[in-house]
């Protein structure tokens, strides 16, 4: 298409051979990017002036966070532990539920239409931002940690499920066929032939998703789905920045520790 | 049976290890169960769930296709614009930080400090930045752009560093033999390697930023999040349905194209 | 013409890499340098285009005393000498022709360099070079899509586009399978015959060296121990070069390592 509008340049070599050089896409891509930038600036009221005039305010806020209010620690423990519990529970249940989900989404195990439908649902679940899922969950399950757990649960199914069915589809099918040939059912053959192949990767993915979920869980409180987000929202609302600083500090330490522990186990798995 | 299962049966020590871990996970699981509180679940929940499903099946088509500034299409474009500008600004900021945290290029202490800074930036949730920037620029999409820029830096810089540390430096030897000076070596030896990898990373982050941008509206930083929360609070399920449909379709489309472009960039 | 007069080279850790090298290579010669790993073959080659400095003696290339060159002069001097490497050393993420065009980069005006734009004349030259090594049809393909042999030909074309007087090749076929290795060697021969460019090649495979080169230089522990026609090289000469360790010679070949 592009080559018809901008025909390739013809280069003739001294020995008479002719080479066609396709016109570079770079200029048109550049034009499109510049256009997109201009449109985006219009849509978002992007204003460098404001940024230069008031940008320092941001650092003023950060300045107020330091030093953090150490006494506030006592108020933090419970919601912080709630956040960890939420993500832990959601991740464990979600990872378990991801196995049947991935089973039904693998086109080499179940029939193609079934796999397509399962994949479709998984991708929609994955696409919905966790906060939106949590928001909806608060309407259905009421305010509190249950809503947050459900949101994390659903996202984990989608995320672990997707990576797991990709693994299953790439798994070696030879042993699966062998197991079927000695009279096992599909489910049993899956259990003994495919599952061991994908197990280490599955565990590693689940751990990884747990790491990410702690981060997500930290903001779910904002829509009333429990955890430390509620506290963050309140302190930011009251402009109590030194408390915010304390919350963020604890959050950073927690996330860092969880990442390190999970990384340790993930390295062992692969 | 694969190696792992064999190992499992062969070595009793390993079995004990796995058993310990399993018990540990079980205990953690029970511990985390204490957070679930079913008191707040009311019977209206079922009705609301039905309402949402009904809304998705029966979306407000006028809202979905209207071009006014309240329409879903307009809000989606605003969301894309926030993600787009935020990604560009974030990338520009992340590149120097990436070089500053590459231990191949700068002294170790500098690299370590920059890395710590990046971890901190990465861990603080985007919503927190959003709430802070609203104090700077006032509510609206501009705050969203700044939020996305800052929130992207951590991950972008981390992935950039991996590329920088894996650069193929053999090419520099051959450029030396051609008689290139330092500028030419960077322009023709380093830049082409970095360019396509960086671009691929940036597109990947754009994909993620679109999701981030779609929730920023919840704190008033522009995009489609705010109308979603309003519609839900007012129980206008068909509006909720049309917003959710628009959002999911957009994110799936962008994901599809970004995967294709990135495959092309990385594999050629 | 390349002339080594009493050249010696000592590395900073006091290791003697080259000693008493006296050598004259006329324009248009096809020379193969053989010897065990670590004998100094690579060092010898890299002294010619001043990738390494020599510590004693004189090295004169086409009337230029190589070691007296400084900064910009070195780069100008190197533009006349092509070099081929075992690992091809191409930028794999860009197209074949862009890799070849790089050899014109030092001659471009500044704005063209920044934008990476080449003139049509340069493109014609680059394509001609690709045609000479028989991969004209791959000009707009990305390098990472090519096989090893094809990549080495791209490197060869990049060197040809430089229009050099001398081509130095450091183990050019060590990473290639036997069939492609022969094809690449054929390309070297063709270029040597057709354009009268001198070719100096470091090589592990003695049979190939004997088959293609007019002249063989044998190096052992930094000294030249054989210098003569390929057909005059006897089994004893070879034994002396590799110190009678023909088994080691074979294992070296298998591993295809480069020497220092």
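Labels A, B and C are assigned to the chains in the order they are written; within every chain, residues are numbered from 1.
Going forward, a residue touches a chain if its C-beta (ideal position, glycine included) is under 8 Å from a C-beta of that chain, and two chains touch if they have at least 3 such contacts.
Bear in mind that the values here come from a model prediction, so they are computed numbers and not experimental data.
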Chain-level touch network, classified as line, ring, star, complete or other: complete
Chain pair with the most C-beta contacts: A-B
Inter-centroid spacing, chain B versus chain A (mean Cα positions, whole Å): 7
Approximate Å spacing (C-alpha centroids) for the pair chain B, chain C: 48
Whole-Å separation of chain centres (CA-atom averages), chain A against chain C: 50
Of all residues in chain B, those that touch chain A in their complex: 1-2, 4-5, 25, 28-29, 31-42, 45-46, 48-49, 52, 77-78, 80-82, 84-85, 88, 119-120, 123-128, 131-133, 135-137, 140-142, 144-146, 211-212, 214-215, 218-219, 222, 225, 228-229, 232, 244, 247-248, 251-252, 255
Touch list for chain B against partner chain C, complex: 168, 170-171, 173-181, 183-184, 187-189, 192-193, 195-197, 267-268
Contacting residues of chain C [partner chain A, same complex]: 120, 123-124, 127-128, 131, 136, 139-140
Residue ranges of chain A in contact with chain B within the complex: 36-37, 39-47, 50-51, 54-55, 57-58, 61-62, 82, 84-86, 88-89, 92, 123-124, 127-129, 131-132, 135-136, 139-146, 149, 196-197, 199-200, 215, 218-219, 222-223, 226, 229, 232-233, 236, 239, 244, 248, 251-252, 255-256
Interface residues, chain C side, partner chain B - complex: 49, 51, 72, 74-79, 81-83, 85, 87, 89-94, 98, 102-103, 105-106, 113-114, 116, 142, 144-145, 155, 158, 162, 168
